[in-house]
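This is the structure I want to talk about, given as structure tokens.
Note that the chains take the letters A, B and C in the order they are written out, and that residue 1 is the start of every chain.
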Amino acid sequence: MDFTFSFTSFLSLLTAVSLAPLFMGVILKVKAFFGGKQGPPWLIKYYTLIKLLRKGSVYSTSTTFIFKLGPIISFVTAFMLLLFFPFAGLPPVLSFHGDVIILFYLLGLGRFFTVLAALDTASPFEGMGAAREVFFSTLAEATIFVILALFFRLSGSLSFAEYFTGDQIVNLWSQSAALILLVLIALFIVLLTENSRVPVDDPATHLELTMIHEVMILDHSGPDLALIEMGAFCKMLFYSAFISSLLYPFHTGSGLYNGLIFSIIMTLIYAVVGLVESITARYKMDMVPNFILTSFALVFFATILTMEFVQ
Amino acid sequence: MIHISDIFLALILLSVLLSLRSNRLMALVKLMAFQGIVVSAVPLILDTAHGITFKLIMFFLLLVFVKGILIPGMMSVAVNKVVVSTEIEPIIGYHASLFAGLILIIFSVYITNHLHLAMAVQYKMLLVTGITTMGAGLILLMARRKAITQVIGYLMMENGIYLIGTALAKEVHTQYVVEFAVLLDLLVAVLVMGIVLNDINHTFDDVDTALLGQLKD
Amino acid sequence: MLQFVFFIPLIVGIAVFFLPAKTGRLALFSTAVIHALFTALEWFKLSGPLHTKYFTNTPDGMLVLAILSFLFLFISLYTVFYMGEVEMSKEPIFNGSMLLFLSAMSMVAIADHIIMLWVAVEATTLMSAPLIFVHRSKESLEATWKYVLICSVGIALALLGCFFVIFSMEMSNIQVPISFTSLTTVASQLNPVWLKAGFIFFVIGFGTKMGLAPMHTWLPDAHSEAPSPASALLSGALLNCAFLAVYRCHQLMFAAGLGEYSSNVLIAFGLASMLVSAVFILNQTDYKRMLAYSSIENMGIIAVGIGIGGLAAFGALLHMIHHSLVKSSLFLSTGNILLAYGTKVIDKTGGMLQLIPKTGVTFFAGFAGISGFPPFGLFVSELLIILGAIKAGRYVAISIFIFSLILIFAGASRLVMQMVFNERENNEILIPEKWTRTLPSILLLLTSLALVIWLPDSIYQTIQNSISSIGGTVNG
């Protein structure tokens, strides 16, 4: 275990987490722009969180403690994820060899409890949403683990800190650019899947039957919902930071500038998510596995190619 | 150092994979246009040893025009004019096709490695890409019901063979008369297929190849 | 001068698309005559090629070109009168495509550059496609689609074969022009593994075009659905061209010392084709399909003969000449039969000797010829192949060979007898036969007969020259 309690690491983490809701606002703004509307204010997600935290929670009499546990665990796991992530090439707060595997299982744990909480309500809609969520995430997990295998071939390590700050940096601007290109597209597909964005799921839909993620959290309210929302922001932040790190072009030497460049790339990624949501329609439910499997196929291609050519 | 050619090859592989899972004809045609342009650019990027000559660039432009604009243009006219439903109707499903694509790339890497060729890594990559593209073209040819998809499969196969040719027979790419003749053949082939397709649509009111099963022993 | 054999038909062919039908017919025949003249000039070595980088006149190529030119003369004559009888809405397209087809096939015969050969063979597919679907019936469209797609894909594989052959050259660091002539001179230095792989793809690719089983599936459809003059051209001339492409590569293999390997491949494909056609010919209900399967069989015979080599190679090339003459005569006769009965189903024909005696006799004589009866050339050539095989000690191959011949004869003779001699209930025919439409097929048959009695020395010499590179000789 390698604890590096440095001030900058904490600072970068805090900055990132506090900016997460703002980034979500970017998506809304982009969508509004393409819809020819003005859109909600940039800080809308902060207002939502504050509003939710000021309310009280309502619990159905048929639910148990699991239902209350779900939001907490999903937020905590998502937040823990960020502790290990090297934002803008700065060393992360925590890091040890093999942390990536733990992290993806932490994500799985959070999802597991969200699903349990959904099932706990005994609502048929929520059960349906839980089934879909689990199915699609399972497919996406295959992609993630092939990516990890690929990164292990490229960098010889199993930790985010090593990937992006070590000797063998995994990056689009390195020698294995072609492979990273495929990985980037696959990761973007995973990002859309894991965060329930269009074209996999539509966060703005109003019909329970067509929902995936939103339907699971219908019964949560007040601070619980705020936790879930915040967890979702962290998760989204994690994936886009992952992609940004792969895209990150050069280090300037000054941490401030690095952070600035990193934030710009992050903003661009959120904007692309918004763009995708604006120009594509949501897939039919039976086409979604096809979409996710494409990401798997892409990274699989990339991995096969590394097996022989990139030593 | 970044190999630009690798990025182009990755883009070709991407288009191959997407075409295997694509369920819309129009999307497939657009993918073919994209693939055609990238494939045309490959010799230009790899062949830096001879230097970039005026002829090379002119030929590249011609290739892009034919493979990236003319042929896809003809295909999209055919799609708009001929096809009633734009679903592709696979005989072998999308997942199975994707899976076949994965097996294909393992296979082509395996072949390329066991040939023990003394060539640069980029050329090996090119060979892998070529074999995969060719195989995927064959899959499209056999596993899709619409006649238009079969033409697209044929084109993709041709692209793959062109890439293999670029990897193996570098000599050919300096003989523009020959390459031009091959290109002309491809163009006429698509034209003839388009005309037959049009007549099939007139006669059968569809372009489903399942209807073309009258002649047998 | 050599290039004129494909330039002239190309230019006239394009012009014919825009000319009225009557003028087109005239242009068709006159181009055939001019083509024959140029071929004769070339045959007697009165002129050489203009641009030797891509084209050359090899003895085998000249043989194929001569057959093509000779056949086309008669087929175009037939077409002129045939067109007078049938209503064809797109006649200019048919005539123009005939000429373009001629052009493409001539190009195959004289091509020397490997990729040029490929381009020419692919062009034959594309130029002949309009000939098949000119009727626009459902069946003909299906046949065309299969033809274009299967052949294009097959020939695309042949392109891969071309690249492999070129790569075998680059691997040995040899810098010569990529033509068969210059590759043959350095053949022993080529990389054998890649050459073998290239040959396999050549055989698969061009074998598709040649109708070798199991890549033959397009052939019965295309040959039966095309109008009869086109069928005659497809069967008599196109298959030879595809064969020539395979043969060129076989010669290269021999020069590289891999002759045994390529011979075995050819024998295997040849025997497979013969067996397949034997099986399918037995219960055939359509007489044009029957003839199409017979073409597959004969291509198999040629492949086997070339594969065995020696005396059999001489027999194989002789077989190619006679098969072209007799088979196109037969297909021209089927045109008359189709006009008279209006159907391709064997059961609905019959009594040809009473109803259309001239065609009936020609058809029956042609059948006797194609089955290898003594007065005709196929008897001689098949005998030579069998003798050559026995000399070479290939007993298993030749047993299968003879077995298939017997099977095909038994199957086809039943059908032909029924067509020619059976009584027919109603003695009405749609369009009576005419001398103008039977004369070309009679003349083709007579040519075959004449060549048996007297084989001109120049043809004999050309065949000798063609097969000397694969160790073939008439003296065994």
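By our rule, contacts are C-beta pairs under 8 Å (C-beta built on N, C-alpha and C of every residue); 3 or more make two chains touch, one makes a residue touch a chain.
If you're wondering where the values come from, they're calculated on a predicted model, not measured in any experiment.
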B-C or A-B, whichever has more C-beta pairs in contact: B-C
Identifier of the chain whose CA centre is least distant from the whole-structure CA centre: B
Subunit A and subunit C: spacing of chain centres that average the CA atoms, whole Å: 65
Averaged-CA centre spacing for the pair subunit C and subunit B, given as whole angstrom: 31
Chain centre separation in whole Å, for subunit B relative to subunit A (CA means): 35
Interface hub residues of subunit C, defined as touching at least two other chains: none
Contacting residues of subunit B [partner subunit C, same complex]: 134, 138, 141, 147, 150, 154, 157-158, 161, 164-165, 168-172, 175, 177-178, 181-182, 184-185, 188-189, 192-193, 195-196, 199-200, 202-204, 209, 212-215, 217
Residues of subunit B touching subunit A in the complex: 1-3, 6-7, 9-11, 13-14, 17-18, 21, 23, 94-95, 98, 101-102, 105-106, 109, 112-113, 121, 124-125, 128
Interfacial residue positions of subunit A with respect to subunit B in the complex: 173-175, 177-179, 181-182, 185, 287, 289-291, 293-294, 297-298, 300-302, 304-305, 307-309
Residues on subunit C engaged by subunit B in the complex (per definition of touch): 54, 113, 115-116, 118-119, 122-123, 125-126, 129-130, 133, 136-139, 141-146, 148-149, 152-153, 156, 159-160, 162-164, 166-167, 169-170, 178, 220-221, 224-225, 280, 283-284, 289
